[in-house]
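The next block holds one structure in the form of structure tokens; read it before the comments.
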Amino acid sequence: MTARGFLLYAGMALLIVLTGVFQGWNLALTILNMGLISAIMSLGVNLQWGFAGLFNVGVMGFVALGGLAAVLVAQPPVVEGWNAGGLRLLGALALGAAVLIAAVQVWKRKIGGQMRAMVMLALLIGGFFLFRAALDPAVNAIEAINPSLSGYLGGLGLPVIVAWPVGGLLAAGAAWIIGKAALGLRSDYLAIATLGIAEIVIAVLKNEDWLSRGVKNVVGLPRPVPYEVDLQRDAGFVEAAAGYGLDPVTASTLWVKILYSGLFAVVLIAILFLAQRALASPWGRMMRAIRDNEIAASAMGKNVTARHLQVFILGSAVCGIAGAMMTTLDGQLTPGSYQPLRFTFLVWVMVIVGGSGNNYGAVLGGFLIWWLWVMVEPLGLWAMELITSGMAADSWLRGHLTDSAAQMRLMTMGIILLAVLRFSPKGLMPER
Amino acid sequence: MAEPHLIGEAMTGGYGRGADILHGCTLSVDKGEIAVIVGPNGAGKSTAMKAVFGMLNLRSGSVRIGGEDITHLSPQDRVAKGMAFVPQTSNIFPSMTVEENLEMGAFLRRDDIRPTIEQVYDLFPILRDKRRQAAGELSGGQRQQVAVGRALMTQPSVLMLDEPTAGVSPIVMDELFDRIIEVARAGITILMVEQNARQALEIADTGYVLVQGANAYTGTGAELMADDEVRRTFLGG
Amino acid sequence: MTDFLNAIVALSNFVLIPGAAYGAQLALGALGVTLIYGILRFSNFAHGDTMAFGTMATILVTWGLQSIGISFGFLPTALIALPIGIAITGLLLLGTDRAIYRFYRKQKAAPVVLVIVSIGVMFVMNGLVRFIIGVGDVNFADGARFVINAREFKEMTGLDEGLALRSTTLITLVTAAIAVALLFWFLNKTRTGKSMRAFSDNEDLALLSGINPERVVAVTWLIVAALATTAGVLYGLDKSFKAFTYFQLLLPIFAAAIVGGLGNPLGAIAGGFVIAFSEVLITYAWKKVLVYLMPENLEPSGLVQLLSTDYKFAVSFAILIIVLLFKPTGLFKGQSV
Amino acid sequence: MITVENLHRHFGGFHAVDGASLRIETGSITGLIGPNGAGKTTLFNVIAGRLPPTSGRVTMDGEDITGLPPHELFHKGLLRTFQIAHEFSSMTVRENLMMVPEGQHGETLWNAWFGRGKIAAQERELAKKADEVLEFLTISHLADERAGNLSGGQKKLLELGRTMMVDAKIVFLDEVGAGVNRTLLNTIGDAIIRLNKERGYTFCVIEHDMDFIGRLCDPVIVMAEGKVLAEGSADNIMKNEAVIEAYLGTGLKNKTVGETA
């Protein structure tokens, strides 16, 4: 890292410390934790955009798949649900997959054009109705079981940390499908395709109650760290807290957050380390060559499409991991809360502002933009109060402006993005 | 003696900040005459033409039309000064009809363009039949006619053609050259680059043979045709 | 026979009419996207939010008109406000172009850079709309609710099924038809419109012909403002206005433009209807139609809905992928860059 | 040996390559000349897998290689350079060379992460080889320069250098001389001859400079209007009436000026 890089990182650390000093350490740690997760998402997008020039605007979908992994891995299984229709459901899903595979195989066979299309179409349409015939009763049976509390299959009941790599795998699987279809076409097409898959993932999470309880949300996910109440009951902890002059409630809240920070930092550092190593290796050299000039890289024996697919899957997997971590931190999966502006485009702002192509830059962008995202609201409110201080207390405009301060975030992010693109298009930490 | 209508004098320069491609190249054409630039591949023929039209930076030398110095004008401003240019490739609006292509050629004109369109149709009768057809659907030779027609719509005093016969069949080529002579008879100065040197020199009043961005031989078409050295030039020198 | 008529009426009421209205809205949106792509050569992610902004501007003007007691009889007041809304949006887009896009155009920046820039613009516009009008649901349709309502229809025809034609639906179809006719007249018959097509066809040759690129760009933005505002207002009248729903229209709109062939206006219209009808057909509960057509013992027990309405994005997406895989230039030949 | 049989490539109605058939013998330096628009570069692009042919067949040592993607042709030992240099502009000259060899340990992610020892050893070898190539091309002083900063001629040398990083069987050079000054062109010519003699490379060269062609190439193939017009030694080609005709233009051979007007 350059001297400029160190300075920027020191400045970022100072921002968080200042937040702690002036607005409380609880908030500072909350920002730090989401900052760590944002940095990982930002790294994932940077792998795709910075290393390979792939335009992915479906980050939200991959993040949400990570969230789903947290539920599927960590929640205890709902035995009644499984008994009611679990196996039938799995069978239906297997049937659906078999139909798709068969359709692809038919398409790959070199039989006459018209014939091939007809067979494939018949297979898909017939297969769809078979699939629904098998799936629907199973779904109804599962969702009928105690819908206000469960009504779904639950998960595997494994430690929630296991969900992090699993989230990566789920996201990688989705990325493989998209990549196969849209990579190698024009960049706009990949963008629209990823935008679409993200919406579909969210639609599935919202609708398939048997899978994710839909908009009823899954709450109370197991944690990788102790609960505050348990810590407060632990004499040793209370004593140690008293040693720092903290009351048990504050101390337990902070300690839990610090533990999360530690876990997240380990993941971030590991991914950053791997990304840096990959970039500095012959693999990274090959990727840079492909980004510089696809035609020449192809003529020099590099399989451009395969490499694009690889890096696209890798970047999406990183986003999936971050998504699983975020759901773990929240302790709940709320499909309704996924918004593309927040989970896709904000991550893009992080990458561009930080410096696309530079991993350290992407991480810095993750922290900085997240900090701003949180701080813009109080800052905006404060600014609005300043602006409206001269107005009458019951003025319509004053009320409107103060109420609207919460909406300042998006505009601020947009202005920051536009300013960076215009005046410092390589970001805060340029690639080289 | 009056100065020729179009002069590119002692032009030196290249594209952007790259190396010079032209080295003191001079081209001049009188009103109503045809000048042809020929030479081996890579001799800078198209570059010389583009220099006259203002599409590259001249380090030294000047371009004058009708005695007026236009060295520092942009290509668009040169169009207003009566120059028209037909690029070698993508020289039509493919999704627009033939007639719309001609209308676009006359975009800067505010007067009635119908007579000019009729003149173009008289020159290229096939275009009259195809006036409602998209230009992109026409054959190679017809496209070239559209391209030349579009350029004529500004009623230029100078018509510049960059390899108008590239990729068209010999019969169409004959036809096209005939039309170009007709245009010149109407008093329009013609400067063109041609691959098909023999044929082009036959209709040329003046021929310029360029080698490595400089004038190698200049003369009437017939003189150059008779010159053994010139023939040799085309296979490298 | 009555059953058959009932089936037809049900189909019209729940599939054909809503599909046509939605298709018209998408087509107008896709026309804007495709014009920007054809002339400015980038995919504009801010288009959904441009529609939101235009609608908001129109709503504000509508409120202004209503507050001074102006209304449009049985037509919604928003139609009077529409031209003013378009003008405001046009000013915004011209300002955006001057302040932001022009810089990159002069630099000849890569299209993907412009796409990212448009994401920044999207943020700002989205923020602006939320800031000014808030995030709540705004219903601004006034005037008559129905041209024909279901009860009247039943009384008129004696059928069991009612056919309701909401006035907003009719307005959508008529306005969209007028807008498209105007657009095609402009592009095909006027000097300026032709110069836009020429610019889209062959930029360099357009310059050689003396066409002023900045003028073409400005006119394009104005037309885009008109199309986006009209599409947004029609959608808002038909459903209701909510700041973020317009962002979600981005996917079906882009899908429509790509399916039709990016850069091809005719394709955008066809694409809009293809996407809209597919969406409605696949998410419609067919039971209502089928009960009239099937013999009693074969009547379906379930809703016969292929996909839940929440999966409408999946429909746009699936059509998009199919077209990308098998006909990447779209149904009508679009530009390939 | 490469054989091209009745190859066609059409762009819409334009027949860029219109039934070309030719052979490139192993061990030769075959020149490919012809006027602009004769279809030379399109022919290269079809042989090298950049464009699928409309019809026709390309074989390499008897194996059908028609329509294979460029990276697979590379593995078979078929390499090419470009008319307009395609360097990796943000990478150094040395990196441009080091990326070329196939099957590098460090090109798989797993090894990139966990196989540092092996990579380091291999990188040292690659760097050494790259430096040898740079010395051969007399541009050692540019090793650490970004390739984007090179002059046009130097980029052409770099492209040639890339083909030297592996044991190529046949190399297609598209206008090596374009934008290259005379001295540098001689350097390139020397390098090509040495590679041909010392390493047994087969070359197929598109070039407009007839001195260059005359010095290096035997045989020379002349293309015009998408077809092969003539083939022979450089001397014979330059004396060939049909070839002179192709360069001077066709069509009006039997007409006089008077008739034209």
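For clarity, chains are labelled A, B, C and D in written order, and residue numbers in each chain start from 1.
What we mean here is this: a contact is a pair of C-beta atoms (placed from the backbone, for glycine too) under 8 Å apart; a residue touches a chain by one contact, two chains touch by 3 or more.
Everything quoted here is computed from the prediction, not taken from an experiment.
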Mutual neighbours - chains that touch chain B and chain C alike: none
Greatest separation from chain C - chain, by CA centre: D
Of A-D and A-C, pair with higher C-beta contact tally: A-C
Whole-Å gap separating chain C and chain D, where each centre is the average of the chain's CA atoms: 51
Mean-CA-position distance for chain C and chain A (Å): 30
Chain A and chain D: spacing of chain centres that average the CA atoms, whole Å: 46
Separation of chain A from chain B, taking each centre as the mean of its C-alpha atoms, in whole Å: 59
Set of chain B residues in contact with two or more other chains: none
Contacts with two or more other chains, residues of chain D listed in rising order: none
Topology of the chain contact graph, where touching chains are joined (line, ring, star, complete, other): ring
Pairs of chains found to touch, sorted by chain label: A-C, A-D, B-C, B-D
Chain A contact footprint on chain C (complex, rising order): 43, 45, 100, 103, 111-113, 115-117, 119-128, 130-132, 134-135, 244, 247-248, 250-251, 254-255, 258, 262, 302, 306, 308, 310-311, 313-314, 316-317, 320-321, 324-325, 328, 336-337
Interface residues, chain B side, partner chain D - complex: 18-19, 40-42, 139-140, 163, 166-167, 170-171, 173-174, 177-178, 181, 194-200, 202-203, 221-222, 231, 234-237
In the complex with chain B, residue positions of chain D that touch it: 13-14, 35-37, 151-152, 177-179, 181, 208-211, 213-214, 238, 243-245, 247-253, 255-257, 260-261
Touching residues on chain D, where the partner in the complex is chain A: 48, 50, 69-71, 74-75, 79-80, 82, 86-91, 95-96, 98-100, 102, 104-109, 111-113, 116, 119, 122-123, 162, 166
Sites on chain B touched by chain C in the complex: 75-76, 79-80, 85, 87, 90-96, 100, 103-105, 107-108, 150, 154
